[in-house]
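One chain, chain A, appears in both complexes that follow, with chain B as partner in the first and chain C in the second.
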Partner chain A sequence: MSVSLSARNVVKRYGGVVALSDANLDVHSGEVVALIGANGSGKSTLSKIINGVVVLDGGQLLLDDKPVHFSSPQTAKQMGIATVFQELSLIPQMTVSENIWLTREPLRGGLVDHKNVRLRTEELVALFEGTHKFSLHPDSTVDALPPDEKQIIEVLKALSSDPRLIILDEATASLDSRQVQRLFELVASWKQQGKAVVFVSHRMEEIFRIADRFSVLRNGKTVGAGLMKEITERELVGLMVEKATATSVVQRQRQVLKKNGDQKIRLEVHDLRTDLLKGVDLQLRDGELLGIGGLKGQGQRDLLLALFGDLPYTGSVVVSGEAVHFKLPRQAIEKGIALVPGERAKEGLLYIRSILENLMLPSWAKFGIPLHIGKARQAASEVSNELQLIMAGLEEPVSSLSGGNAQKVVIGKWLLRNPKLLLLDDPTKGVDVGTKAEFYRLLARLCDNGTAILFYSSDDEELLGLCDRVLVMHDGVIRSELSGESLTKSNLIAASLGASNASLHEDPSSAAGHTYERRDADESSTAAPGPAGAGETDPPSESME
Partner chain B sequence: MNNVLNRMRWQYFTLRNPYLFSLLLLVLAMLVNLFFQPDLLSRGSLNSNMRVFLPLVLVTAGQAVVILGGGIDISVGSIVSIVNAILATQLGSNASPEKIALMLGAVLLVGMAAGAINGFFISYLRLQPIITTYATSFLYAGVALFILPSPGGAVPNGISSFYRETTPLGLPLTLYVIPLILIAWYLLRQTRYGGYLYAVGGKADAAYETAVPVNAVQFSTYVISGLMAAFGGIAITLLTGSGSATIGADITLTSITAVVIGGTALRGGVGGVAGAVLGAITLGLFKNIISFANVNLWWQTFVNAAIIVVALAAPGAINLLRRTIGSRTRQHPTTGQERQA
Partner chain C sequence: MKRLTAFLPKKIAISPPVAAVILAVVLFLLSGLLPNGYGSNVSIAIAQATNITRLSVFLGVIAAGQTLVIISGGEGIDLSVGAVVTLSAIIAYVIINGQDGMLLPGLLAALAVGAAIGLLNGIGVAYLRIAPLVMTLGMSGVVTGLILVAQHGNVSGAVSPLMTRVIARPWFFGIPGAIIIWILFGLLMWLLIERTTFGKNLFAIGSNRTTARLSGVHVTGMVVATYALAGLLSGLGGFLVLGNTGVVFIAMGNSFLFPSIAAVAVGGTLLSGGKGSYFGTMAGALVLTLITSLLTTMQMPDSVRQMVLGGTLLVLISIYGRQRGFRQ
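And now, the complex of A and B:
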C-alpha cells in the first residue's frame, strides 16, 4: 500500500471570513504528520477539505501526485481517505455495528449480512479490548455509551474501510491514557502497513510521541513544516504564536479599567462540579473583567451554564455574599446574573421577533399590567442608543441585524435589569472587527460601573487585550491563572495545552537564546510538566490547582 | 455506574422494541372493540373493517418512511385525492382490463411524480419539509379539483367488488396486503438503503460526513411516500367505487398520528413502518369502537380525539414516571439530556 497526499496553497472562505489563506500539507505512506495550530488557525477546515466534507475555494489537492477534486465525502472515501472526527460522526440512535459499517455494510445477495457485520465488528472492537469499562457490545446503541467509547467507535469506524490515509482530528481528546496508548500502538501498525496518518492534536506530549513530521498553521497559513526530531516544543509553540501580534483592534484597554483590589467580592465559587467540570474554584470582584481561556470544550461552557442555573452542579457558589444553589436560570436572573450564551441565534435571541421584543424579554415585568408599551419603547431606544445599535428601527426583526449588532441585542436585553454579574460565552464569535471594538468599549464601561464580568473567549487576543486576569481551563479544571507579567500569548497557549502555572513565564518567541533543558533545572515546578516553553526560574505566582 | 447501566438497558429496550407500545395499544383497542362488537374477528366484519382500514395503512406506511428520514409529508392526502379523481374520471363503469391496468400504472407514476416534486424542493433546494408539502398539498388538491370539479365518476363494478369481496383461503384480500407491506419493509430494512434511512433521520450531518448520499435518500423518501399514497388512493377508490376531489383530505393528519402512535419519533431516526401499520389499524379500531359504543354524534369527534391524545401522551407519561421513580437521574431542563445528579 502506498499513498501520498499533498495540499497546495489551499484557500477557503466562509462568507467574508477567510478560514484558510495558504494552507499546505504533505503526507506519505508510513508516516504520521502532526497538523498543529492555535484555536481557529484552520486545522479542522484543512482536514475537512482533505476528506471532502468542505470544498476548497482555491489551491489544489494532489493524491498520488495526480490532482483530485473532492466534491463530497463519498469521493474522498472511495479514494481511501477516512477521518476520525472531532465532533463525532456517529448516529446516536443506531447501534455500534450499524454505525461502524454504515455505507460499507457487507452484503449477501443484496441484503446486509448481519452475521458478517457482527463478526467483523467484534474483530474491530477486540482491538481496544480491555481499555473500556463496559464491554463494547456490537448491538449497544451509541447514544448510551460514555464519550470515550464513542470516540473508540469513531476510530473503529474510520478503520473499518481499510483506508490508505487516516485523519485523526483530536481523536485523543476524550480517551484515557490506556486508550491513547492502544490507539498509538494501532497507529504504529498502520505505519508499518504503509498507511499515512494526519494527526491533528493540541497535546504536545502526544505529538512528540507519535508524529514523524509536523506542519504548523497560523491564521489559515502554513508557517512551518519539518521533522519532529529537529524541533523542540518551545520552537513549535513559537511557530504557533504570531510574532507581531495584531492588537490594533484590542487596544490595551485594560489600563482603562480601574484597579479593583478593594472592590467587594461578587462571586465566589468553590469545588464546582458537573459532568465535565472536575472542581472549579474562582473569585470575581465587582468591576473586574475576568477572562476564561483554554481550548474549546474544556468545560468553559459548563461553568457558565452552571453559574446561570442552567445545568445541575455540585459545589458551593456564593453570589454577593449569599450562598446560592440555582436550579433554574430564573433564580440566577433574580440575583442579578445575566448570561450571553454561546449560540446567540439559538439560545440568546428570538430571531424572527423584533428588536424591541428581544430587548424587553427579561424585563416586561417592570412595565406593569397592562404593559406600558410607550415606556418600554422609551427604555429600549435608550438601550439601543447606548449600544450604538445599527438598525432600521426597533420594530425590525433581529434577523435583519448583522452578527455583531445581534450580539449587542443579547447584551442589551440584560442591561435594563442592571446585571451585577455578567457571564459571557465567547460573545465575539462571528462578529466583525468594527463591532468588536464597540463591544469591548461596552464591556469596559460596564466594568467601570461596577459590573463583574466573567468572560470566556476562544480568541486569545481578546483575553490578552481586555482582561487583568485570565483563568485557563483544561480538562474541567482551572489549570493556571495568568495575570500581570505572566499574561502573555505564549503562556496562554502553553497553558491551554495543559501546562500549569509553574512552568510558564516567558514568551518563547523572544527567548530564542534560552536553552530548552533549563526546564529540568526548574526546582519550583510543582505540578504536571508543562509541554511548552518553560525555562524561567521565577516562582509560580499562584496556582489554582 | 448503576445508573448508566440502567440507562443502557432502558434505551436498548425502547430502541430495540419500538413497536411494543403500539402492539399493546392495538391489543387493548381490539379487546374493547370485541366487547362492543363480539363478531369483530368473523370473516364478514374482518373483511368490512380491513377494506376500510387499508387506504390509511398504505398511506401511513409511506408517511413512516418520510418521517424516519427526518421529514414529513403533508401532501399525501391530496395525492390520494388526485389518484381518486383520475381513476373515477378516466375509467368509468365500462373500462377494459387493459385500460384498467394502464390507468393503475399511470396513477402510481403520478403519485411518484408528486412525491418527486416534494423531494426536489426539500432535499435539493433545502426547503422546510412541513412548509413545502403543506404548499404542494394545496397544489395537488387543486389539480384533483381540476380533474374532478364535483363528486362523481365511477370505476368498473368488477374491480370494485374484487377489492371488497374476494376472500382467498377464507381471509379478506385486503388482509394479505398488510403482510406484503411488512415483508417489503423488512427487506428494505435489510438493505443498505434501510440503514441510510435511519442514519439520515438520526443525524443528517454525521451521515453526510460518513459518505451517506443524504440528498438522494431524502428525495427517495418522498417518492416512496407519493407511491404509497397512490396505492392508498387506488384502495380508497375501489372501496368507494366513485370519485371526490376531497376524499383524501382527512387522511394526512391521521397518517401522521398513526406513525407517532406506532412508535416513530417525529424528529426521525427512531421507529419503523411495522409500528406505523399497527398504529393505523389501531386508529381504525378506535373509530369502530366509537361508532359501536352508541355515543352521540357530537361526542364522537371529542372521544376519538381524546383517545388519540391519551395514546400519544402515554409513552411520555411512562418516561416521566420512570424519571420520578429513578430520582438518581436528573433531566437537564433545556437540552433534555440526562445527567447524573
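And now, the complex of A and C:
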C-alpha cells in the first residue's frame, strides 16, 4: 500500500472571510504529519478539504501525484481517505456495529450479513481491548456510552473502511492516557502497513510523541514545515504566533491593571468540578474584566454554565461575599448574575417573538400586574438606543435582525437588570467588525461602572486587547494565569497548548516572569512597572521564517 | 424565488383571527341564500347569528385551555379535555342537585376537579417527561374510567333554575348570558396572555425553552401551571355545557376534543408553540360551530360535515403557513 497526498496553495473563502489563503500539506506512506495552528488558523478547514467535506476555491489537491477533485466526502472515502472526527459523527440511537458499518454493511444475498458484521466488529473492538469498560460491545447502543468510548468507535469506524490516509482531527481530546497509548500503538502499526496519517492536535506532548513531520498554519497560510526532530516546542509556538499584530481590530480600551486591588471581590470560586471541569479556582473583583482563554472545549462553557446555575457542580462559589449553590439560572439572576450564552439562536433568543419581549424576558416581573406595557416599551427603547440597535421597531420579530444586532438584544436584556457579574460565552462569535468595536466599548463602560465581567473568547486578540488578566484553561483546569507583561500572544498560545506557568518562565522576553504566579492583583503595583525591555513581547523564535 | 415574491405584498396584513372572523361572516351571509335560509328577514338572521354565537361559547371556553397548552410548546396538547368536561359536569350536576344555593360549591368543585387532573398532566409532562400526547391521552382514559364508575351508581342530580337562567337565557336585549360570559372571559384571557408575566413566560417557553430557562423562567413550574390551568378551564367548560344542556351523559365532553384543537389551529396559533392568541381561538370556535350548524341546516349527513370541517381546517392552515413564508 502506498499513498501520497499533497495540498498545494489551497484557498478557501466563506463569504467575505478568507479561511485559507495559501495552505500546503504533504503526506506520504508510512509517516505521521502533525497539522498545527492556533484557534482559527484554518486547521479544520484544511482537513475538511482533504476529506471532501468542503470544496476548495483555489489551489490543488494531488493524490498519488494526480490532481483530484473531491465533490463529496463519499468521493474522498472511495479514494481511501478516512477521518476520525472530534465532533462525533455517530448516530446515538444505533448500536456500535450499526454505526461502524453504516452505508457499507457487508451483504449476503442483498441482506445485511449480521454474522459477518458482528465478527468484524468484534475484531475491531478487540483493537482497544483492555482500555475500555465492558460496555463497548457490538450490540450496545452508542447513546449509552461514555465520551471516550464514542471516540474509540469513531476511530474504529474510520478504520473499518481500510483507508490509505487517516486524518485524526483532535481524536485524542476525550481519550484517557491508556487509550491514547493504544491509539498511538495502532498509528505505529498503520505506518508499517504503509498508511499515511494527518494528526491534528492541540496537545504538544502528543505531537512530539507521534509525529514525524509538522506543518504550521497561521491565518490560513502555511508558515512552516519540517521534521519534528529538528524543532523544539518553543520554536513551534513561535511559528504559530503572528509577529506584528499591528492591524488588529481590538485596541486596548482601558488602562491595563487599574487599581482593582481595593475593589470588592465579587466572585470567588474554589475547586469547581463538573464532568468536564477538574477543579477550577478563580477570583474576580468588581470592575475587572477577567478573560478566559484556551482552545475550544477545554471546559470554558461548563465553567460559565455552572456559575450560572445551569449545570450541576461541586465545589464552593462565593458571590458578593455570600456562599451560594445555584440549581437554576433564576437563582443566579436574582443575585445579579447575567449570562450571554454561546449559541445565540439556540440559547439567547426567542426567535419568533418580538424584540420587546426578548429584551424584557428576565424583567417582566418588575412591570406589575397587569403589565405596564408602556413603561416596558420605554425601558426597552432606552436600552436599544444605548446599544444603537438597528431595527424597524420593537414589535418586529428578533428574526428580522442581523447577527450583530441580535447579539445586542441578548446583551440588552441583561443591561436592563444592571448585572453585578456578567458571564460572556464567546459573545463576538459571528458578529461583524463594527458591532464588535461597539461591543468592546460597552464592556469597557460596564467595567468602569463597577461590573465584574468573566469573558470567555475564542479570539485571542480580544483577550489580549481587552482583559486585565487572562486565565488559560486546558483540559478542565486553569493551566496558567497571564497578566501584565506575561499577557502576550505567544504566552497565550503556549498556555493554550498545555504549557504551565512554569514553562512560560523560560520566555526570555518576559523577564518579570514571577508576577504571573501571584493571585492577588494589588501586589502587582510593585511588580508591574516591569524591567526595561520587557515591553511588548515578540515570539522568541524567528529561525523558521 | 426572490423575484417571484417581489410581486407579492411583503406582508399580508390580515392576521389569522381576523381572517377567521371574515370567513365566518361571509359564510353566514351566504347561508341566507340557502333554500331554507333566513332570506331577507333581518330579525331571523339576527336570531340565527345569536344562536350560533351562543353555541360557540362552549367550544370557545373549552378550547381556551387547549390554546394555553399549545402555546406552551414542547409538543403540548391536551387530549383529556373531553373527559374532564364530562367529569366536571357530572360532579357539578350531583352537587348542585337543583338547589340555587349549591351553585357556587358546584362551580368550585368542577374547577377544582379540572385543575387537579390538569395538575397531574403537568407533573407527568414536566417532571416525568412523558410526551404530552401520551400523558393526556392516558389521563383521558383514567378519567373516563372514573366516570364509568360514578355512572354505575346511577348519578342523580339536577341543574338549578338560576344556573339555566344565567347560562342559557338572555340577560338583556335578548343577548344570552353565555355570550356575555364569553366576552368577559375573552378579555380575562387576553389580560392573562398579553398582560401578565405568566403570559409572557408562556410564549417564551413555547418558542425556546433553553433561552427561557437561561433568562430566568422557571420552565418546569410554568409547564405544570399551564396544564393545571388548562384543566381548570376545561372544568369551567364542563360547568357551562351542563348549564346549557341541563342533563349529563357519559360522552357529553367527547364531541369537544377535536374541535378544541381545530379551533386553536384555525385561530392561527402555531401548533409548535410560542405564538398565538385567544381571540384567534374564539374566532376559530365561531367558524367551526357555524360550519357545523350550516351543514346541519342543509341536512347534510354527518359524513359530509366531517369532510367539510376537515377540509376547511386544512385549507386555512395551509394559507397561514404560506403567510409566514412570505414574511421571512
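Quick note on the criterion: the second predicted complex is superposed on the first by the 496 of 545 C-alpha atoms of A that agree within 3 Å, B and C clash if a C-alpha of one lies under 4 Å from a C-alpha of the other, contacts with A are read in each partner's own complex, and residues count from 1 in each chain.
Quick note on the criterion: contacts are C-beta pairs under 8 Å (C-beta built on N, C-alpha and C of every residue); 3 or more make two chains touch, one makes a residue touch a chain.
Just so it is clear, the structure is predicted and the values come from calculations on it, not from any experiment.
*Asks:* Could you classify chain B and chain C on chain A, in the superposed arrangement, as clash or fit?
*Replies:* Partners clash after overlay.
*Asks:* Name the contact category of A:P341: first (chain B only), second (chain C only), both, or neither.
*Replies:* The second partner, chain C, only.
*Asks:* Look at A:Q74 in the shared chain and tell me whether it touches chain B only, chain C only, both, or neither; answer first, second, both or neither.
*Replies:* First partner only.
*Asks:* Does the superposition put A:P146 against chain B (first), chain C (second), both, or neither?
*Replies:* Touch partner of A:P146: chain B, not chain C.
*Asks:* Which of the two partners, first being chain B and second being chain C, lies in contact with A:Q300: first, second, both, or neither?
*Replies:* Neither: A:Q300 stays clear of chain B and chain C.
*Asks:* Quick check on the superposed pair: does A:D310 touch chain B, chain C, both, or neither? Answer first, second, both or neither.
*Replies:* In the superposition, A:D310 touches chain B and chain C alike.
*Asks:* In the three-chain superposition, say which chain, chain B or chain C, touches more residues of chain A.
*Replies:* Tallying touched residues of chain A, the top partner is B.
*Asks:* Once chain A of both complexes is superposed, is A:F85 in touch with chain B (first), chain C (second), both, or neither?
*Replies:* first
*Asks:* In the superposed arrangement, does A:R330 touch chain B (first), chain C (second), both or neither?
*Replies:* A:R330 contacts chain C only, not chain B.
*Asks:* Just to be sure I read the superposition right, which of the two partners does A:R353 touch: chain B = first, chain C = second, or both, or neither?
*Replies:* A:R353 contacts chain C only, not chain B.
*Asks:* Quick one: which of 56-64, 272-280 or 308-316 on chain B sits on top of chain C after the fit?
*Replies:* Stretch 308-316 of chain B has C-alpha atoms clashing with chain C.
*Asks:* Which chain A residues are contacted by chain C in one complex and by chain B in the other?
*Replies:* Dual-contact residues (chain A): 310, 328.
*Asks:* Would you pull the chain A residues touching chain B in the complex into a rising list?
*Replies:* It comes out as residues 51, 53, 72-74, 76-77, 83, 85, 88-94, 98, 102-103, 105, 107, 110-112, 114, 133-134, 139-141, 143-144, 146, 157, 274-275, 310-312, 328.
*Asks:* List the residues on chain B that touch chain A in their complex, please.
*Replies:* Chain B reaches chain A through residues 1, 4-5, 7-8, 11-12, 15, 187, 190-192, 194-196, 198-199, 202-203, 205-213, 269-270, 330, 332-334, 339-341.
*Asks:* Under the touch definition given earlier, write down the residues of chain A that touch chain C in their complex.
*Replies:* 308, 310, 328-330, 333-334, 339, 341, 346-353, 357, 360-362, 364-365, 367, 369-371, 373, 399, 413
*Asks:* Flag every residue of chain C that touches chain A in the complex, lowest number first.
*Replies:* Checking each residue of chain C against chain A gives 191, 194-197, 200-201, 203-204, 207-208, 210-218, 270, 274-275, 328.
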